[in-house]
Structure formats: structure tokens, C-alpha cells
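Structures for review follow.
You will see two complexes here that share chain A, one where it goes with chain B and one where it goes with chain C.
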Partner chain A sequence: MISYLLKRFAYYLSIFLGIIFFSFILFHVIPSDPARTILGPNAEQAQVDQLRQKLGLDKPMSVQLGRYLKNILSFDFGHSYIDDRNVFHEVENRFKITLSLIAISMTIVFVYLFLVILSFISPLLQRCTDLLDFLMSSLPVFFSAVIIAIAVLYFSPVTSFSGNITSLNDLLYLIPPAFVLGLYPMAILAGILKKEMSSVLKSPYITAGKSWGFSDITILFRYALRNTLIPILSALSNILPMLLTGAFIVEIIFSIPGIGSILIKSIMNQDFPMLECTVIVNGAFFVLVNLAFEYLYPLVDARLVKERKQ
Partner chain B sequence: MHNQDYHISGRAYKISVSLICAFIAFIYFAPLVQAGELIFGLDSAPERLIPIKIKSPQTFPVSMQIFQGLFDLNEQGNVIPCIVENWETKDNKTWLFHIRKGVFFHQSPILKHGTREVTAKDVLHSLTRFCAADSYNAFLLTDSVRGAAEFNQGKENHVTGLRLIDKYSIQVDLIRPESFFINRLSNALLSVFPVEADRKEYAEKIGFSIAVGTGPYMLESRTESEIVLKKNTNYWDKNSQPQLDKIIFRVIKNDQTRFVNLQREKIDLMVLPNTLFAAAFNKDRLLKKSLHKKYQIKAFPTFNTHLIGINNKSITDVNLRRAMFWGTNRKEMIDAILHGYAEETGGPVPPGINGYQSPFDKKLYDPEKAKAFLMKSAYKGEPLELLVHDISNSEQIGQIFQSQMADIGIKIKLTKLDFGSVINRMIKGDCRLFSMFAEFVFSSPEPILINLFSSSKIPVPNIFHFSNHFVDEMLNSLYDIKNEKESVKYCSQIEAKAMKEAPSVFLYRQKYVVLYPQNMEGLEVSGNNHYFLEKIRIK
Partner chain C sequence: MKQEKGILLLIFFLLLLWIIGFTCARYTPSDPLQIHLKERLNPPAQEHICGTDELGRDIFSRVMVGFSNTIKVSIMTLFSSFFIGVIAGSLAGIFYNRFIDRLFNWMAAMLFSLPFLLIITALMSMMEKNLFNAYLVMTAIIWVAPARIIRAGVIKAKSADFVVAERAIGKSEWSILVRSLIPMSIRPAFIYSFKYFPEIIGMEAGLSFLGLGIQPPHPGLGKMIFDGINYLYSAWWYALAPSLLLFVVVLSSNLFYSQIAVKDEPAY
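For the complex of A and B:
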């Protein structure tokens, strides 16, 4: 089992190294001039050339890559081309905000999934969740985000975000955008859960449980749920990293300075140090989430431990 | 399966509901907007507030509350002295500036005693820093001040043309006489900041949590979503003391939600983007009744000029360029994109700046003339590539231009790229046509014409790669004119001469439309996007 997990660790580590390497290559082969971007169109060519030299952009690609990898090892991602701020600190701050947004979003998703499970004992709830699933999967995020952002201005007591999570108001402000962010995962996970749960509830051991006189709640939560979790966790391991970068639409509409919005801003401004750091942090998050799920599966399904041992 | 019965005790239920109601009531009735506060809705986060690094006009509404230069522009576009009290020059080449006494920097921990008086040493330091290699605005001085270019290139360790005379006086020596030098200094980018701001220990904080200037408002706090400025109680201009206690700049990126924020009174003031003109104006281009009850508008002309740039090296046929110039219906563009909120322009110089009389008559669209020029040209009907980007209506302008050119027989092929790529290709000369905008920072025609049309300024700022011997001679002779009015008058002839060659198709000068409450008065805005917020009063 340990050797299996070590192999998986090595696999994800290689993916992470690949992300670092390709992010560097990709952003350096783009035909653009960061020195010109920094100084703007008014700067004279001599000044642009001087800055290019200062940034080391005139050096061969292999030299730049070597220096880049060396700096990354010490968490030195450099300074932004646009405003000279420390890239790692900036991405770290933005990451915290987006992570909070995702955490709240996931809480909402789990509450909804709880309701979906309850819908198996309430026909009314079932009809409601069916309709909601349809709406959530069919509404484009951009549209639902604008509608909810406007609704917030009319009905919510908290309508502005300070830029950092420093107060209860800031956390409250994140609830509507987190809800929007969670719409698609809610629809996807609810669909999987319903399908799996329907199949599990037809199993002989469930019929046996009923004949033993267990309550519906006990059967659903103690005996049926556990066997539906693997596909849910598998889907969740893919959805979670996507939320990190996919949050940019929500972040722009709700004016939340998170990692998604900085990614878009860096692309627009050709701010390569910021872009590389954002991509690497995203990559690290993807790898960590997937690794965590690799360790989580055996805890949910004991059969996997046996399988992996074999 | 059947639902289970769940019971919450009546007492617990009542307590929970009461607590929730109390919480909601507390948040609802807590004062959101305090008296003496103004909330300004912005569409993007301003840049880092370091004067030498500021380059976007979107930052000016914030930066110009904090920082001030030697000169400023008023709403009418006239130069007004700011940190400078008076000045002397005999030959327009050597300028002696006397700094105003009693101007203090904002209270800040970076200053030894919290604050101190501005001296000529600070002015010298600021101007020197503006000439440095890491300054984004060095172009303002490098071709004007003696030794500035050498300092910028690292050949000298100081700017030889800048000299400290005494505590309150500084001398500036120019490369050539410039009757318009004061206009050069009056732009929104050049400002005075303390020597201490460049210390290494503040390097990470400057521009974020620290910004020290002499303006009517001082930085209190800053996040990516909000910038809070508070009244500078020690402001030097006793005739223009700030009336409001606080100005909050709130970043709301989505246009629609920013507009709803205004309607819900969560913000007090915003610049109306053209995407919202249909929602705000009726058919007569007046504010809709529902908005007019609460809000008023102010439309002010800016130095923001839109154009279809022509690479003169690639399109050498002057008759083809002239056909494009006369075949462009600028009014149609302005009506379609900006609901009429712009002024048509035939050349680069905004009419009226420093008393400038435009050489163009009102009729800039003449399709018959355009067709006649096209007949004279060697154009064979091949498609001409026009680069467009996603900023400032570039694509829309391109589409309208494409259709107007089709009407006179010129085929235009649109290529959409990101803004940075268009800039790179434009500077390299790797394109034929480009849809671009320029935010002129000079308040006099001379530097605008010199920058755009001198052969020596190719490839930047002469992005058209335009070279004409006669125009060059005329531009050079500008330096010999001692009288400022004569110099401005002569610019009109230069612009007419240059535009006869149609080096580019200048389209319009955009007006910004500001929406703000009826009970607010005294809002003044200059062409370089300076909001004189200290003058605002709430009725």
C-alpha cells in the first residue's frame, strides 16, 4: 500500500515539475516584449533595450531557465513587471481569498448534497432538486453571476468587499459569489449522487436493512451513502482545482481580488513573473488535491486497500 | 420512503428567529455611508501609487488627489502654478523656478518629524527620478532637459540640466529653447514627492500602504478593492481647502453592477462607460427621467484621442491615405459608439489647448473627394489588414471603418489581437493599419506635434513612421520662436501641412460622462482626468 502511494506521489511530483517547466517555456516563446510592456509605448527604444538587459531577457533561454529554477527553489518568483510588487506575496494573498471563496462554496455544495440525499425520502424535495439541477447546469455562470450580484445590491445587507478577509462582513460578502461558483459543481455532483444512490438503494443489503426495521435516515446516511461516495470524490477531485482558475468570472463580477482575476490581469499585461507564479500555485493545488484524494479513497472504500495491495 | 418528523422546540425556534432578525437589522441600519464621505466607483484597480511608475490615466483620479506637480491644468485647460509660486526665463532655455513656501508633505511615518516642508531639494530629486531608467515617464524630459537622456542611459550620475539654487529655487537648463516648457511640466504624470520615499526600507510599502504627496487628500488605507483617502488638514492652498472628510475609491469591475451600485446609492459617483449609454440616456441623449430625479451628468472633453493609425512605410501611396482620411465618417462612429459624446478631430492636437486654433473646418467627411483620391492612387483592391484590440472600443471602430471604406472601394481585413501585441507590431512597423487611442499628456500643441510627426521620433512616439522633410524643418523652427502665442499659432500651420499627407486618420476626442447626485455641486474635471474633488460640496 505504501509503495503504491509513494508511486502516486512520484507521479504527481513529475506532473508538478512538468507544469513548472512548461509554464516557463510557454510564456517565453510568446512573441512579445515584456520590457516594452513595462515601460509603455512612449518609452524610447534605448530605454527598452536597457531594461531588457536588466531583466536578463537578452540572455539565452537555457540561462534564463536555469536562473528561474534556482530562484523557484528558494520561493523567489521575482517581482511583477507591472508594479514591481513581490509576486509570491501577492499570489499568496490572492490565493487565501480564492481559497476562502472555494471553502464557502464547497460548504454550500455539501449542504445542497445533503438536501439531495433527503430528497430520497421526500417526493416534493426530489421535484425541487430536479428542477434546481436543471437550472444550475443550464445557466451560464456569467449570467447567473450578474443576476445574483444585482440581487445582492437590492437585498443583501453587505454589498462591498474590503479586499481582504478581515471582518465578518467580508465573509458574508463571499456567500453569494461562493453560491454562484458552486452552481455547476452542485448540478454535477447532485446528478452523480442521485444516479449512484438510486442504484445502491436497489441493492439486496438495503432491502435486508429495511426488513431489519432500520429507519430511512439510518439506511440513507449509514448504509447507502458510503457506497456512493467514490464517484463523488472522484468528480470532486477534478472539480476543486478547476474552481481555482474558473473563479475568475465570479471574481470579476463581484470585484473580488482573487487568484482568477490576477491570472487574467497578468495575461492581459504580459506580466510573466506573476503569470508563472499563478500557474505554478494552481498546479501545486491541483497536485495536492489529487494526492489528498488518493489517500482518501481507501478510507472510504476498504476494498481499494486490498486491490492496491494486490 | 416517507419523511420523518422533526421537532424543534418552540422556545429554541423563537430565540433563533429573534437572533437572526436582530443581526439583519443591525447590519441594515448600521450607517453605510457617513456624512462628509464620497464614494467614487472605479472600473479597475489603480496602479501602484509611485509617481515615476504611474502611466495609466485610469489612475489619475486617485493619484492627483495625493500628488501634485510644479504646475497643473484647470478645467479650462489653462496652466496654473501649483508647487511653483513663480518662475523666470529670459531665453526659454534656462528656467528658474521658485518653490512656494509653506507647502507641507502629508503626515507620514517615512518623514522624520511626521511631516516637513517641501523644498527645492525634493523638486530636484523628483525631476531626477523621473529621468531615471526605471521611470515609466522619462520620455517627458529626456528630449528636453539637458543631460536627462545621458542620465537615463546611465552615462551620467546626475542630470546636468537640473541645478539647486537655494532652499526654494531650482534652475532647469534645456537642450533647446522651449516656449512651451511650462506646458510640458503641467502634465498629470510629473509630481513632487519626498526624498525619503525612495529609501530601500519602504520599497515594498511605497505605493500600496504609503503614498506621500502634497495634495488635498492623503492615503489612509489601500486594498485591491478599495482606496481610502482622508482630508489633508494641513493643505497649503487656503482658497481651496478640501470639504469632504473622506474619499473612498471602490473598485467595481463589472459595468452593470457598478451602475446598480450607483442607483442603490452604494457609490456616489462614476464615469459612465459607453456600454451603459443606452441604459442611461433617452433618444434625445438626455439622462432618463428615472435617473434625472437623483442624478446629474457632467460631460468633459479629455485628451483621449482615437485614431486609425497608418504605417506610412508600408502604405506609401499618399492618395490612398488621403482617400481613407476623407472617406471616414467620424460623426457616424461617434453616434454609434458614444451616443455623440465626443468631438470630431482631423488632426492630433485637441482644439483649444493653450489657445490652439484647429486648421480643420467642420466638414471632415467627403466621400466624393475620397473616391477621387482613390482613383488617383495605385490601389488595386487588395485587402489592407487593420489590427484591432479589446480596449477602448477599438474593435467597434475597426468594424465601422471597414464598412465605411467598403463604401468608397477600399477593402479592410480586421485582425484582432491583444493590446500588447498590437503595440509591439505597431512599434516594429509590422502592420499596415491599426486602431489605437492616445492619451496626450501635454497641454500645448508643440510637444504633441514634435512627438508624433518628427522623423527623429520614429518608431515611438512617431508610431506612423511618418517622415517629411518640410514638416521636420517646420517642427525644428518651433524651438526658435520665443513668443508662446506665435508658437501655438505656427503649430496650426504645421498640423495642416502634416495632415495634408494624411499620415493617419484621427477620429475623435472622447468626452467622459460623469454621473453624480443632484445634491452635489462644484465638480470640476480637467482634460487630463484630474477631478478637483476638494471643490465638491454637498448641498
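For the complex of A and C:
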């Protein structure tokens, strides 16, 4: 078991190193002259040379790569080209907001999944969720976000966001965008849950449970649910990158100062350290989440451990 | 539904979309680039069905042209990513569990572990921002999806009885691959890769939304939404028209896919 976990760790570490290498090539090898980009086309050649020396761009590539790796290990991603702020702090702060948006939307998703499980008892709820699933899987995040944003502007009492989540007002402001963000995962996860649940409910141990006289609720939540969790978890880890992409767009539409706004600003200003840090922080986040899921599977389903031993 | 019929219908559907896109760009009710500063942000009326934007341009015409751009780029991305996917997927499939396959899986995991909009943004920040580069970058990301299905199909077909028989009568590995393995896995993969069409459309809109797609003054659907959100309160029709069109395209693609979908989908 431990060797398996170590192998997975090494695998994800290699992916993370790949992301770092990718961003090094993209941001340090391809651009011909970053110093010139920072100072603009009108700067004196002497100034450009001075900055190049300061940034270490005159050293050979191997030295630069070594220094780059060292900087990443000490969380030093340099300073923004535009306002000279520490890039890592900025990305960290913005990432927190994006993550809390995602957390709220995942809460909404799980509430909906709870309803979907209940729909196995009530036929009316089943029909409603079937229709909702199809509609939600076809809603591009642009459309639902614009519709909800218009509704919020016209009808909601909370239309301002302070920038960090400190008060109830900010939390209330995040709920409509989180709902928009949750629509697609809701549809995908509900589809998988329904498929898995209906196949699990046909298995003999459920019939046995029924003949013991357990109530429907007990059978669904205590016995059937756990066997459907593995596919849900793996689908969830596949959906997360998509969720973050959606979060960028939703953030811009609802003007929430998260990673999405960093993206748009740094594209407009050609602010490479900011982009680079965003890429690496996101990569680290996904590698960690996937690793956590890998370690979660054996906890949810002990049979997996046995399978791997064989 | 039979696979052959599904493929025919799919090609017909894409052709129809292409023709609609082509006609849309040609026959707009008014010039999408013509600026009328006196008619800024007019609400929908008989003359301008979807109202006008902040420079008095007709939103309906702009949406039509933006739609045609989106459709062209999306269909081209669908086909070229499928083409690359066939090559990469079959290579990974033949060399299953060897170096090439491992490399493929590793690259796929890396591409899928980052939000695609971030990768695209990072790549595009180094390139000139135009529609053709957007198409290149999108293809560079999305090819993994069809490649995974082809790979799974080739691996499954490799152990089929008739392939073993072909190997037994002394056919070369390449001819088995080209004449048996790829044709067997390519048809379900083609239908399945259409499942990603709404995602490609969303990607294109996302790129244009971040200002990386088609450049102003030419209209892109995402860019129009981005501009429109500044006027959500005073001119709700501005952002609503392009997003409604995106919704209709994605909904119809999904409805169509649910009709042609193969019964037991591949694992990926």
C-alpha cells in the first residue's frame, strides 16, 4: 500500500515538475528580450543592459534554470512588471477568493446531489432532476452568468463586494456566482450518481437489506451511497480544472477580484511574472488535490486496497 | 443508432452549421462595423432587433458575424484535433505501456491538470493575438480528448481474435494497424469527439472573452459579452444577445449528440 502511495506521489511530482519546466520554457526561453519588454521600446540600450544584469538574464540558460527552481522553492516569483508588487502575495490573496467561490459552489452542488439521492424515493423529484440535469449540462457558463448577473443587478439587495470575505454581505454576494459555477458540475455529477445508484440498487445486498425491513432512507444513505462514491470522486477530480476555468469567467462577469481578474489584467499589460506565478500556483493546487483524491479512494472503499495487493 | 448513420448525420450537421455560419457573415441586415454615435445603446426596436452597442453598431449583425467566426474556428479545431488525435492515440495504443504510451499519458495528465483557459492564456501571451493563433492553440490543447479514445479503442482491438489471426498469417504490424486497428476505433471516436464540440465553442468564446481571439473592431461573441457586462444595468440586451446565441448552439449540439451517441461510451 505504502509503495503504491509513494509511486503516485512520484508520478504527480513529475507532473508538477513538467508544469514548472513548461512555464520556464514559455516565459524565459521563448521571449527574446524580457528586459526590453519591461522597459518598453523607447528605453536606452544602457538601461536595458543594466536591467538584464539585475534580472540575471545575461547568464547561460542552465544557470537561469537553477536559479529559477531555487526561487520557486522559496516562493519567490519576482515582482510584477507593472506595479512592482510581490507577485506571489498577490496571487495568493486572489486565489483565496477564487477558492472560497469554488467552496461555496461545491456546497451548493452537494445539496443538489442530496436531492438527487432522495429522488430515488420520490418519482416527482426524479422527473424534475432529469429535466434539470439536461438543461444544466447545456448551459454555457456565459449564458447563465449573464442571466443571473442581470437578475442580481435588478433584484438583489447585495450588489457590492469588499474584496475579501469578511462579512455576511460578501458571502451573500458570492452565492449567485457560486450557483452559476455549480450548474455544470451538478449536471455531470448527478448523471453519474443516478447511473451508479440505479445499478447499485439492483444488487442482492440491497434486496437483503429491504427484506430485513430497513427503511428506504437507511438503505440509500447507509448502504447504497458508499458504493457510488468512488466514481463520483474520480469525476470530481476531473471536473475541478473545468470548474476553475468557469470560475475565471464568472469572476470577471460578477467583478469579483479573483484569479480571473489577474488573468485579464496581466494579458492586457503583458505582465509575465504574474501569469507565470498563476500557472504554477494553479498547477500545484491541482497536483495536491489529485494526490488527496488518490489517498482518499482507499479510505472510501477498502476493497481497492485488497485489489492492489493482489 | 448505427454508427455509419450517426457519422453521416454528424457530417450533415456540421455542414449545416458551416453553411449557416457562412450565410450569416454574408447577409447581415446592416454593416456590423458601421459606427453611429447618435444611436448609442439603443434598446431593441424594429430597426435594430437586438439593439445597438456603445458605438451605435447593430448588435444583431455583429452577433451574426461573431457566430460565423466561432463556428468556423470550432469546426476546424474539431477536425484538426481529431486528425492529431488519431495519430497520437494510435501510436500510444500500439506501444501500450511502453515509453511512447507513458509519455502520452503523462502529457495528457499535465494538460488536463491545469485549467485549459490558463494554458491557452499563457501560450497566447507569447503569440500575436489573432483568430488563426487562437485556432492553433486550441488544437494544441484539445487533441488529447480524441487521442485518449483512439488509444483505448486500439488497445481493445489489439487483442481481438481477427487481429491475432492476421498476425498469425504474417501480416506486418503496420498493415494491421492501418487496415484493421485504426478503422475499427476511428468511427466511435469520431462520434464521441463531437461530445467536445460544445466545449470547443466555449473555449473559443472564452478566448475571445479574454481578448485573445479575434481583434476589434471585428466582432467575437466572447468579446461582445465582455464589453456588454459593463452595461449590464443600463443595456442588458448587449451582453444577452451573444450569450443567448451561445446557449442555443450548445443546446442544439448537446441535443444532437444525445441522438447519435453510441450506446456504450468508451471510458474516457
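Please note the rule applied: the second predicted complex is superposed on the first by the 267 of 310 C-alpha atoms of A that agree within 3 Å, B and C clash if a C-alpha of one lies under 4 Å from a C-alpha of the other, contacts with A are read in each partner's own complex, and residues count from 1 in each chain.
Operating definition for what follows: contacts are C-beta pairs under 8 Å (C-beta built on N, C-alpha and C of every residue); 3 or more make two chains touch, one makes a residue touch a chain.
What you see is a predicted model, and the numbers here were worked out from it, not measured in a lab.
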Contacts of A:Ser215 with chain B and chain C, given as first, second, both or neither: first
Chain B versus chain C as contact partner of A:Ile15, first or second or both or neither: second
Contacts of A:Phe286 with chain B and chain C, given as first, second, both or neither: second
Which superposed partner A:Thr245 touches (first chain B, second chain C, both, neither): second
First (chain B), second (chain C), both or neither touched by A:Asn42: first
Contacts of A:Gln270 with chain B and chain C, given as first, second, both or neither: both
Which of chain B and chain C A:Val146 touches, first, second, both or neither: both
Which superposed partner A:Val116 touches (first chain B, second chain C, both, neither): neither
Which of chain B and chain C A:Ser23 touches, first, second, both or neither: second
Set intersection of chain A contacts, chain C complex versus chain B complex: 31, 146, 149-150, 153-154, 252-253, 255, 268, 270
For the chain B and chain A complex, residues of the former touching the latter: 1-4, 24, 27-28, 32, 45, 47-48, 50, 53, 55, 133-134, 136-139, 142, 152-154, 204, 207-208, 223-226, 250-254, 256-257, 260-261, 264, 266, 418-421, 423-424, 426-427, 459-461, 463
Of all residues in chain A, those that touch chain C in their complex: 14-15, 18-19, 22-23, 26-27, 30-31, 134, 137-143, 145-147, 149-150, 153-154, 238, 241-242, 244-245, 248-249, 252-253, 255, 263-264, 266-268, 270, 272, 275-276, 278-279, 282-283, 286-287, 290
Chain A contact footprint on chain C (complex, rising order): 106, 109-110, 112-119, 121-126, 198, 201-202, 205-206, 209-212, 222, 225-226, 228-229, 232-233, 236, 239-240, 242-244, 246-247, 250-251, 254-255
Of all residues in chain A, those that touch chain B in their complex: 31-33, 36-47, 50-51, 54, 82-86, 120-122, 146, 149-150, 153-154, 157-164, 169, 172, 215-217, 252-257, 261, 268-270
